[in-house]
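I am attaching a structure below and will ask some questions about it afterwards.
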Amino acid sequence: MSTTSKRLRTLTALGALGTTVALVLAGCGARAGDSASAGGTSAAPSCVDTSGDSIKLGFLNSLTGGMAISEKTVSNVLHMAADEINAGGGILGKKIAYIQEDGATDWPTFAEKTEKLLTQDCVAAVFGGWTSSSRKAVKPVVEKHNGLFFYPVQYEGLESSPNIYYTGATTNQQIIPAMDFLATKGVKRLFLAGSDYVFPRTANAIIKLYAAKLGIQIVGEEYVPLDKDDWTSQVAKIVAAKPDFIFNTINGSSNVGFIKAYYDAGLNARTTPIISVSIAEEEAPAMGHEVTGHYASWNYFQSLKTPTNPKFIESWKKYPNSSGVTSDPMEAAYISLYLYKALVEAAGSFDVDKVNAAAKSNAITFDAPEGKVTLDGDNHHISKPGHIGQINPNNQFDIVWASDKFIEPDPYLEGYDWFPADIRKQLVDAAG
Amino acid sequence: MTKLKPWISLGGIGVFAFLLLGVAPLVLTDHWINNLGKYCCWAIVAVGIGLAWGRGGMLVMGQGVFFALGAYAMAMHLTLETAGDRIPGFMVLYDPLAPLPAFWEPFRSAGFTLLAIVLLPVIVSGILGYALFKRRVKGAYFAILSQALAVALATLISSTIRQTGGDTGLSDFKYFFGFVLNDPANKLLVYLIAAGLLVVCLLAVWQLYRSRFGELLVATRDAEERVRFLGYDPANVKLVAFVASALMASIGGAMFVPIVGIITPAEIGAAASILMIAGVALGGRASLFGPALGAMAVGWGQSSLGSTWPDGWTYILGLLFIVVILFLPNGLSSLPARFAAARRSPAPPPPTPAAAAAELEGVRS
Amino acid sequence: MHVDALIAPLLNGSAQGALLLLAALGLSLTFGQMGVINMAHGEFLMIGAFAAYLVQQVITASDLSIPVALPVAFVVAGLFGLLLEVTIIQWMYRRPLDTLLVTVGVGLILQQAALHIFPSQGVPVEKPSWLDGQLSILGYQWPFRQLFTILLASVCVAALAAWLKYTSFGRRIRATVHNRDLAETSGISTRTVDRLTFFTGSGLAGVAGVAASLIGGTNSQMGAQYIIPAFLVVAAGGIGQLKGTIVAAWAVGVALAYFAYWTTGSLAQVLAFILVIVFLQVRPQGLFTVRTRSLV
Amino acid sequence: MTDASLIVTDLHVEFSGFVAVGGVSFDAHPGEVRFLIGPNGAGKTTCIDAITGLSRATGSARLGDRELLGTPVHKIVRLGIGRTFQTASVFDELTVLQNLDIAAGRHRPWTSLLRTRRGVDPSIERALEETGLTAELATPAGILSHGQKQWLEIAMLLVQDAKVLLLDEPVAGMSQDERTATGELLQRIAAKRIVLVVEHDMDFMRRFATRVTVLHQGKVLSQGTVAEVQADPKVQEVYLGTAGAATTAAMAVVPETVAAMHQPEEN
């Protein structure tokens, strides 16, 4: 009996201790209604050390797990850009000392590592991410700690954050040019094939809106989970729908399965060409000769004739562990580091608020391999040229279409009257 | 000696609680407190797995399902709390005029959410467990089926973007039951709740293990048919352990959300569900502290080794499965006993044929 | 609705089922006959696919390389299986459930190793030109490649069945499965039988890998998508039941195809999984079972 | 305790076409030690499996007026039928006391499950004394000797308050002294219960059986007292004549094995 009551006492004591601690803390924490918390950010002062002759930057890419397939290259090109910048004297005279972290294809890990880079390693900015999930995991963390995150991949748009810079295309720089290209080709019947996740779903929602305006009929829409390669059932539906073009928003190795099923079913590039937004020079070799003759919409291609592109390709080919070919996402990652350099040098400081203020000038530019890009200080995206390439037997792209000028970034599609204003308003509201 | 043992364990829980609730907040930075909070969530799940697998013999490879129930219930509430009267942003694009999906509505209420975190896993695991155990689905079948369920749920969530946020999941929570999440003091509060729940789960399991039910569970694990011939329905015994483990997975999931700030299908699918088991195997599936400490060790390994040597970490994780299961089936927590036994008598204890036979039976039939 | 709209899922589904069957066949052998739950089976499949790629690097004519790749993939994947059996599995026959977790670790390591060795985006395996073209069935243009998958699966099943039934080794395998001790006292080396069984089961995964490389991508992640469906097929078919595995694979394949036709690709996956789970609830022993006296 | 008898009539058990038990009838009453003997594969254990619900069977097996066939295992147990297995199956990781406590548990309310055990049940103490295991109270069952494990199983049946004890080869592997002790134990507990023993050991059967049923190839060969059965020429033939041991034995254990090994010449 005595043991029982003793145990009860222990338990009660433990419970009481926990509750007390919780209550004491609750008293300190900000609550929803507090005026002080209105902004939401009460970030501790930055711990970035700018006193030495080097500056720490964080690179965050999946080096293991499924996304390592794509993100290893981005990580490598960031290293190359850092080496180049260091060889040229660094940023504001400080050498880049980068810390590479592995996101491990795990989104909470992206959040954790971002926080580690910002608060433990005290890096001045973080570069990386690939999937939208990884970006969404990082977003609240950089906002909370008022850090900087440079995201290098084309994405579904409808987002902006004071703490994120987007150096890949938003929808009006990749999807809309692709649709314009299809319109010039006289496409009437379009089929949408995508992986079942946010980017293809959003892209296709936009495509459908724009197609209505262009008079292109959408004859079908199919999705397969990201990790499934077998497209035979869906391709049978494509055959039945008889489209004259296929808009492909499939991502990853599922593309290989799609192309194979497509050829198995007797479709080919002459009768039913495909335009993709995620097959680049990196991905094409894994698909063999079957991908030849199809199209892709990107801002950068290795075959682009710009003043800076040859040097970029040359450096990359010589870089250790390089894949030997350059492609859009890695070029965007390359831009991101140089863009940061330009921003810091314009601000004359590594301080986040000063960097953001410098961006507002709308005068930050970089002579990128895709051409001279300009940063939009309001939405933190960059202007980009639209290009359509056709895949040749060497898995390179012949440029068949180019936008007449650099396309200004427009993540909320404000310059497009066919995009319903009420949706835009709700989206902007929701983003806060 | 045997009389004393449970009290030593209780003392251990006390020390553990003191370290987690008292010492950790004083000596660790905010970042590591947050990490520790995440490990605590995994540890809560692991304690449940230890109960179901270590003591009950049910290899639960689909705890992601119950983790998801708790996590999404919490995340839906936090999303609505952040969105206020508006419809969450990700829903707008697909159908701007449609209202909030009906199943989201009740999650506006904090009370309902908390109730759902407890009741949903109990109901789902109760139905599932009843159906499977009554039909005597066990062993590898049970493991594979539970894993298949986790995969199916992850796929379903990925493809229902408007209803669940899809593969990018739910994130960007501003408030936690009225508390501003960005406030470090509130983050600490969330951590303390998670750590406190872990201690509560350990206490619950401690009592369960030393109760008659704990003995009956072990008996069911080792010789299910024999238990049946004692007049018990082993299905009910297993069901209770399974439901308890599902509840813990749900609680772990629910706390995971405010601590980590994002929940996506990737956290509940096959790989995630298997990773939840890794720590349990490492620490010792049948011991009281093994699963929790193992899960925390794996989490810590991912944080620290994953930083310094990412490729190596994957190999280490693979080797960990192999070496621990092959040479130390009862995990690291069995090491002291092994050393003690080795010192006393050089011959290792013989494997228990009854258990092996029962397990083989479970696999085959 | 056209006739081909109804016939297409049936034919596509049969081909999908054939691939599932190829993936499940080796499992049915190692799981059904030996009680080993090899979660690295998907990675053995990946090894077979990479073997096909390597063969194509040597024999560049894809018309010839695929027929050569099939036996090569069988042997290479089989040898990996043998290595696994000798180093790890043989110590674990008394703990079948634990083999599941050990092989999860093996799978993790093999995946990461593949990521290191081969280009991270994966490698191309070219389809032989004699697989170009379609067969017209009731207005549906049925790809030859699907027919090939079905043929390959049929040949593997027939070979395996004949091997088990008519060769003395096959008989020894079955004897060992049914009663290990008795088989041993009858002079059968159960060690040799175990190793050969595991070699064959893993080798079949290699063959499945070649078939899979003609359908999807060949990369470090490819094995993961087959392992759970393959296990479900083996379970639904009934342990150690070749005919059960065949029927279950075909049924799951066709169900997937029709679900995909009526709903979406994602929902089809979910529905097919749930279908199998519900089926196993109704018939936990699978489609076909041999009732024997219970050995408690 | 009870006057109800166990009455088995025309019991049939079939495994995938192989008839393991083909129309067996016998009965057992309280106060007698009833033996079921026969060569390997005669269907003895299968009879017990059928009575306890482990194997599906046709025919009838009644305890008093309750039909057992078709009743779920744990409900059959709750009717008071307990059994042991050829290989002693006690819970190795639990102590003798814990084993017995679980056996005694089904009479307790379920809430008691969540509490810790305090003290030793009187019924457990009696069973321990009866089986001579009192000294082993705190020993893990896994390290008991083979004979002790069998006694522990019997003790578990006693605390379980079984009216019918079905014992499958309880003395296999025991020393002579242990056999004698077991036999005497069986005679003691049979006073108030039905005890049915499946056995190989002729000597043990001769010493302790009240009545005997001889099975052969799934059928009743002979039935009666020890003397009657021993005098039966059919029994003598089976036991001394065509012992064809290995093959017959194998067929009984798993028919498929033999089929696989000796195709197609026999089945």
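Read from first to last, the chains carry the letters A, B, C and D; within each, the first residue is number 1.
In this text, a contact is a pair of C-beta atoms (placed from the backbone, for glycine too) under 8 Å apart; a residue touches a chain by one contact, two chains touch by 3 or more.
Just so you know, these numbers come straight off a predicted model, no measurement behind them.
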| item | value |
| --- | --- |
| Chain nearest the overall C-alpha centroid of the shown protein atoms | B |
| Most distant chain from chain A by Cα centroid | D |
| CA centroid of chain B to CA centroid of chain C, Å | 31 |
| Distance from the mean Cα position of chain C to that of chain A, given in whole angstrom | 37 |
| Centroid spacing, where centroids are CA-atom means, of chain A and chain D in whole angstrom | 70 |
| Intercentroid distance (Cα basis), chain D paired with chain C, Å | 43 |
| Overlap residues in chain C, where contacts from two or more other chains coincide | 112, 224, 264, 266, 269, 294, 296 |
| Contacts with 2+ other chains: residues of chain D | 54, 85, 89 |
| Interface hub residues of chain B, defined as touching at least two other chains | 155, 158-159, 225-226, 311, 314, 357 |
| Of chain B, residues touching chain C in the complex | 59, 61, 131-132, 135-137, 139-141, 143-145, 147-149, 151-152, 155-156, 158-159, 225-226, 270, 274, 277, 281, 311, 314-315, 317-322, 325-326, 329, 351, 356-357, 359-365 |
| Chain B residues within the chain A interface of the complex | 10, 14, 17, 21, 29-31, 34-35, 38, 81, 83, 86-90, 92-94, 96, 155, 158-159, 161, 166-169, 171-175, 178-180, 182-186, 188-189, 192-193, 196, 199, 203, 256, 260-262, 264, 266-267, 271, 302-303, 306-307, 310-311, 313-314 |
| For the chain A and chain C complex, residues of the former touching the latter | 64, 66, 68-70, 72-73, 196, 222-225, 227-230, 232-234, 236-237, 239-240, 252-257, 260-261, 263-266, 282-283, 285-290, 323 |
| Of all residues in chain C, those that touch chain A in their complex | 2, 4-5, 8-9, 12-13, 15-16, 19, 112, 115, 119-127, 131-134, 140-141, 143-146, 212, 214-222, 224-225, 256-257, 260-261, 264-266, 268-269 |
| Residue ranges of chain B in contact with chain D within the complex | 2, 6, 207-208, 210-213, 215-216, 218-219, 222-223, 225-234, 352-355, 357 |
